[in-house]
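Every chain is named by a letter (A, B, C, D, E, F, G, H, I and J) in the order it is written, and numbering of its residues begins at 1.
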Amino acid sequence: MSRMDVTEKIVATKVAKGLKWADVAKAVGLSKEWVTAGCLGQMQFDDAQAATLAKIFDLTEAETQWLKVVPYKGSLPTSVPTDPLIYRFYELVNVYGTTFKELIHEEFGDGIMSAIDFRMDLQREADPKGDRVSITMSGKFLPYKTY
Amino acid sequence: MSRMDVTEKIVATKVAKGLKWADVAKAVGLSKEWVTAGCLGQMQFDDAQAATLAKIFDLTEAETQWLKVVPYKGSLPTSVPTDPLIYRFYELVNVYGTTFKELIHEEFGDGIMSAIDFRMDLQREADPKGDRVSITMSGKFLPYKTY
Amino acid sequence: MSRMDVTEKIVATKVAKGLKWADVAKAVGLSKEWVTAGCLGQMQFDDAQAATLAKIFDLTEAETQWLKVVPYKGSLPTSVPTDPLIYRFYELVNVYGTTFKELIHEEFGDGIMSAIDFRMDLQREADPKGDRVSITMSGKFLPYKTY
Amino acid sequence: MSRMDVTEKIVATKVAKGLKWADVAKAVGLSKEWVTAGCLGQMQFDDAQAATLAKIFDLTEAETQWLKVVPYKGSLPTSVPTDPLIYRFYELVNVYGTTFKELIHEEFGDGIMSAIDFRMDLQREADPKGDRVSITMSGKFLPYKTY
Amino acid sequence: MSRMDVTEKIVATKVAKGLKWADVAKAVGLSKEWVTAGCLGQMQFDDAQAATLAKIFDLTEAETQWLKVVPYKGSLPTSVPTDPLIYRFYELVNVYGTTFKELIHEEFGDGIMSAIDFRMDLQREADPKGDRVSITMSGKFLPYKTY
Amino acid sequence: MSRMDVTEKIVATKVAKGLKWADVAKAVGLSKEWVTAGCLGQMQFDDAQAATLAKIFDLTEAETQWLKVVPYKGSLPTSVPTDPLIYRFYELVNVYGTTFKELIHEEFGDGIMSAIDFRMDLQREADPKGDRVSITMSGKFLPYKTY
Amino acid sequence: MSRMDVTEKIVATKVAKGLKWADVAKAVGLSKEWVTAGCLGQMQFDDAQAATLAKIFDLTEAETQWLKVVPYKGSLPTSVPTDPLIYRFYELVNVYGTTFKELIHEEFGDGIMSAIDFRMDLQREADPKGDRVSITMSGKFLPYKTY
Amino acid sequence: MSRMDVTEKIVATKVAKGLKWADVAKAVGLSKEWVTAGCLGQMQFDDAQAATLAKIFDLTEAETQWLKVVPYKGSLPTSVPTDPLIYRFYELVNVYGTTFKELIHEEFGDGIMSAIDFRMDLQREADPKGDRVSITMSGKFLPYKTY
Amino acid sequence: MSRMDVTEKIVATKVAKGLKWADVAKAVGLSKEWVTAGCLGQMQFDDAQAATLAKIFDLTEAETQWLKVVPYKGSLPTSVPTDPLIYRFYELVNVYGTTFKELIHEEFGDGIMSAIDFRMDLQREADPKGDRVSITMSGKFLPYKTY
Amino acid sequence: MSRMDVTEKIVATKVAKGLKWADVAKAVGLSKEWVTAGCLGQMQFDDAQAATLAKIFDLTEAETQWLKVVPYKGSLPTSVPTDPLIYRFYELVNVYGTTFKELIHEEFGDGIMSAIDFRMDLQREADPKGDRVSITMSGKFLPYKTY
């Protein structure tokens, strides 16, 4: 058994029971973004969170154990994603990557936006011309230091 | 001559003159995100915008002409970016990609967030534990339709 | 179980029963192009459509459930397809890709042809020198916007 | 000198003179699709066509000579295209590739749609919800034969 | 079950029974080249051919059914083949590829040698310095057409 | 200067002078297949052959010298060729590769068809339904030996 | 069942029984280099050799049958090997590859060292500063011929 | 200027002057294998050796300087070599790689054959059936150590 | 069964029993770095070490046997690692690789730092601004030698 | 002009003048590790540092300007490095990567070792059996946070 098996069971159970990630997140008591990432095998849960998920997804003792282990991360099967929705994000990195770089360096100097000390919020933005997806990302700026 | 040559000249002139993208954007009269992407060879400028940029970056007639042509987009030299700042965004797609997918589908059904009808805003977020980079993305949701 | 398992069962059942996609599509009440893509794991079906398909392909409750979930899209096992028929389409993109780009930009300006708000019609075109495959694609033009 | 140099000169001259592919095609007397592909280094021109293009794009004798040689085809710099417009076509092959395959085989049996004995027509399709790009492709069906 | 499973069974049965492809081809009544390609999952058989093969390889009803479906073609596990015999053919394409191109264009103009309307004959060529493999390929020339 | 520079000069001169490979081969006194491969940088010429080519292609002393050096072989810019004509040969290896392997092993046992002790003949084959390209390859069989 | 299954069984049995390749080779009556390569799925055994191996590794009739079939060769899971010992050989090819080429051509002219008509001997070379691995390779030189 | 430029000049001068690596090596006073590798940009020369080479290849002061710097090693343009002679060595690693591994571990335990504390000797081996290339490699065995 | 199966069992058992690598290492009597690498399938254990691990992880006789065999090394599923923690080390090689090279050559001349005669120590480094990971690597310098 | 041009000039000047990185670092007043990385185009210098380097490497005004711009990082030409010294570090990541991961998570929980808030020290470690390279890395631990 591996974490991937647990992820597959969680997803299959979600499909079978017709659950929503937003409700799962509410039960866990954290944001839907972080909880979904965790259920998809990208985050480590603590004892209480894992117990909650075990109940929701009918996990065995051993499966629940895996939720508490730091997973080998990376959720995509190919380095350039084939799924159109996910590809659009890859395209944004490809088209706007150097723009991100220039503007962050202009504002902060040499360093990066952390992808670890990071949070994200995804919302529907009503719009008469068609609703929009609004994503706000916030990552700590980490400067390169001389030594 | 190609658009890439014009981009290189713009960047080199910016370095030589010590300009800021924020000021260039102000002169053009649009957001710093869009203008920087355009200067880095990812967007098409109209006549007035190109004329403004020509003055700022000492472009020749022929070079200015290229700014008004739709470029072959994609700003990165490798499919997995090597630059640490840009890689962090690629990592976000890799770690959170399936989470984006699940949450957008849960909210909107089958479809994608447009990377074309799209805008972005990048700001410094003051924080006592260290300032943060805050990025807000807004893309129109485009549903798959049956036919 | 995953969507891929359901796709494999659908294809195997089609082979075993000697069904035709055109007839499956008629039963579902939509075009053969969209229905086939859905049966091959690329589209999401609604309740009524899924129920129809369940009957045709002898799907279990759980399998039918998967048809109503948005799939991870991308139907090809390699980034450059090895199958001669599918490769010909890849070759068209390779040989005519920059031509598509030039002509669409010349007609519409900067933007793309949507692959989401998209429909397709595939027909036999009788020809004394040998019948032809005729494919008509129609995708909404989406302009890049300044901001 | 190589065909690629001639292509670059043609494109640069087009930008400098502000020409349109549709007008170039009219001067050559063939479709805009085929003529643009040729100007972008994918087709071989005959003497009269090359002479017309030489005048339009101020080509030297040697450059004109190259237009009459069959080029090494393939117009994209990477096997998965980075440009959003061209990527959408690649995505169509990826998402609909197996659908093309199933429907063509269902209609015609084993074989392919020729990408050589092939023609294409690209038009604007007016639509109150936003104009559409309409592309009609017609390729001869070539059956595999037993022997 | 998939075509690949049927191919594996055919190959395993051939090994177990010690059959020869030449004899299988004789039973089917076509060339050893085409029949072997079909048995290895690259061609579609008709009812009579499939029935003959079913008897030879002890195929079930369902397995026989798969032989009559057009397969997803491509018989090699990697894009550059690792097997020395097959690599030699890849090397020929690599070393002589541009030579094929020049000579075919010199003789026929722009176009290709069809790999679909194609037949092949493989023979032993006796030679006192060591026997040789002789392969004759014949493919219809397909010209690119203007439109 | 490198062999690649000499190849480019030979090809450019051929285009400029409107020469034919068949005539070049006749002047050298060998087959058009081998001579073309050599001119495209895949074979080593001896003194007399190089002198003949130097005259035909106006090569300098130093350029002629390079023709007599064994080149770094491989004539294609990508591992999967993008040019449609050359791709068809790659496709043959992909579709028929395991068939070549089975039939050669059936006839000869373990070993390979040499791509070194090899010759090739390319001819037009008249056919009322459209002329065909006929290629005959002959390579020595080299058996693996036990030791 | 496939040759790979037989290889895995041979390796697992060797581990379980604690056998040595040198002893297996002695039983077969050939060099340890060739026999090990064969046991690892790279060579074809004859009837007597296969019978000997069947006894040593407790192979079934069907498994033994596979040893007599020419395998699909190539023993490494990735094109650049990750295992440090095997990588060192890849590194030698990478660092010394052009040196091999220059020296063999200087001595023999255009051609290759056969990897088919080839034998290899691997020995321990005692050395006070630390024993060394000594490998002697001998491959027939095969000249390219004009035609 | 870079080491690669110096390598290109050395090779071009060798072609122009018709030199032999064996003679160059004799002048340097070391083996032809090591000296050739160094001239091809894979080894670092000391002052005396560099001076000798400067005279032979008419190097400038600056060029000679580069010979004394440790180069960025790796002499091949692609990870799977396209040149037939060099590919044969890659094939040996691919086919015999796991055999090397098994036999070295059987003789020495866990560790590698050094590619650094390494020497090589390449000789012609006369043989009535056709001369052979004989290569003897000797590399120190380096054991993995526990700690 | 293969070493990979044993590794998976060890990891699954560790998760199920809630063991710590540091304690496993203490039981084996060696450093946590080496023992963990071994348990993850990268090192060969001796009889006593394997017996200890068999008890800890409930291994069968056959599984224990595999621990004593030199494994095929390389612990990552992709050549560019997707896991953020492991990627950071890859990034260090990418950003600092040429710096390692320059400084080691400046200090030692041409050669490498051995990755075989190597040891590593990983410690927590307390720091008021946030604890740090401290890794000390020590590898023998191996000089290239002339011959 | 680009940063890469400046890096090339710095390296060429260093070779020509016979400078040492350790001395350059002393002049700049920071560690040799950081200064070398910066000179190789991986770090951003401030005004004073850039002025010092301009004097040492005879840089023009424009070249000095580039040293003060954050570079596009990544110092290696291929994703798997070919240079033996740098490859050894890649091999360490490949062999020990999962070990790093397990031990850091065991000590710190989920998170990463920063490659940004990072310092490194490279020293010679005298050893009677052969001197060793000792590298100490220290990176801040960054925990993943729930939100």
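By our rule, a residue touches a chain if its C-beta (ideal position, glycine included) is under 8 Å from a C-beta of that chain, and two chains touch if they have at least 3 such contacts.
The shown structure was predicted, so the numbers you read here are calculated from the model rather than taken from an experiment.
Taken together, chain D and chain H share the touching chains E, F.
Contact with chain B and chain J alike is made by A, I.
Of all residue numbers used at the contact between chain E and chain F, over half are used by both chains, marking a mostly same-residue interface. Taking the mean of the C-alpha atoms as each chain's centre, chain C and chain F sit 41 Å apart.
The distance from the centre of chain D to the centre of chain G, each centre being the mean of the chain's C-alpha atoms, comes to 49 Å.
Counting only residues that touch two or more partner chains, chain C has 33, 72-74, 76, 79-80, 82-84, 91, 94-95, 98, 101, 105, 111-112, 114-116, 142. Chain pairs that touch, as defined above: A-B, A-C, A-D, A-I, A-J, B-C, B-D, B-I, B-J, C-D, C-E, C-F, D-E, D-F, E-F, E-G, E-H, F-G, F-H, G-H, G-I, G-J, H-I, H-J, I-J.
Within the complex formed with chain H, the residues of chain F that make contact are 1-2, 62, 65-66, 69, 72-74, 76, 79, 115-116. Every residue of chain J that touches chain I in the complex is listed here, in rising order: 20-22, 32-33, 36-37, 40, 42, 73-76, 79-81, 83-86, 88-108, 111-115, 118, 120, 122, 124-125, 127, 129-142. Listing the residues of chain E that touch chain D in their complex gives 30-31, 33-34, 43-44, 70, 72, 98, 101, 105, 109-112, 114, 116-117, 119, 142-147.
Of all residues in chain E, only 80, 82, 84, 87, 91, 94-95 touch chain H in the complex they form.
The part of chain D that touches chain B in the complex is made up of residues 8, 11-12, 15-16, 18, 77-78, 80, 82-84.
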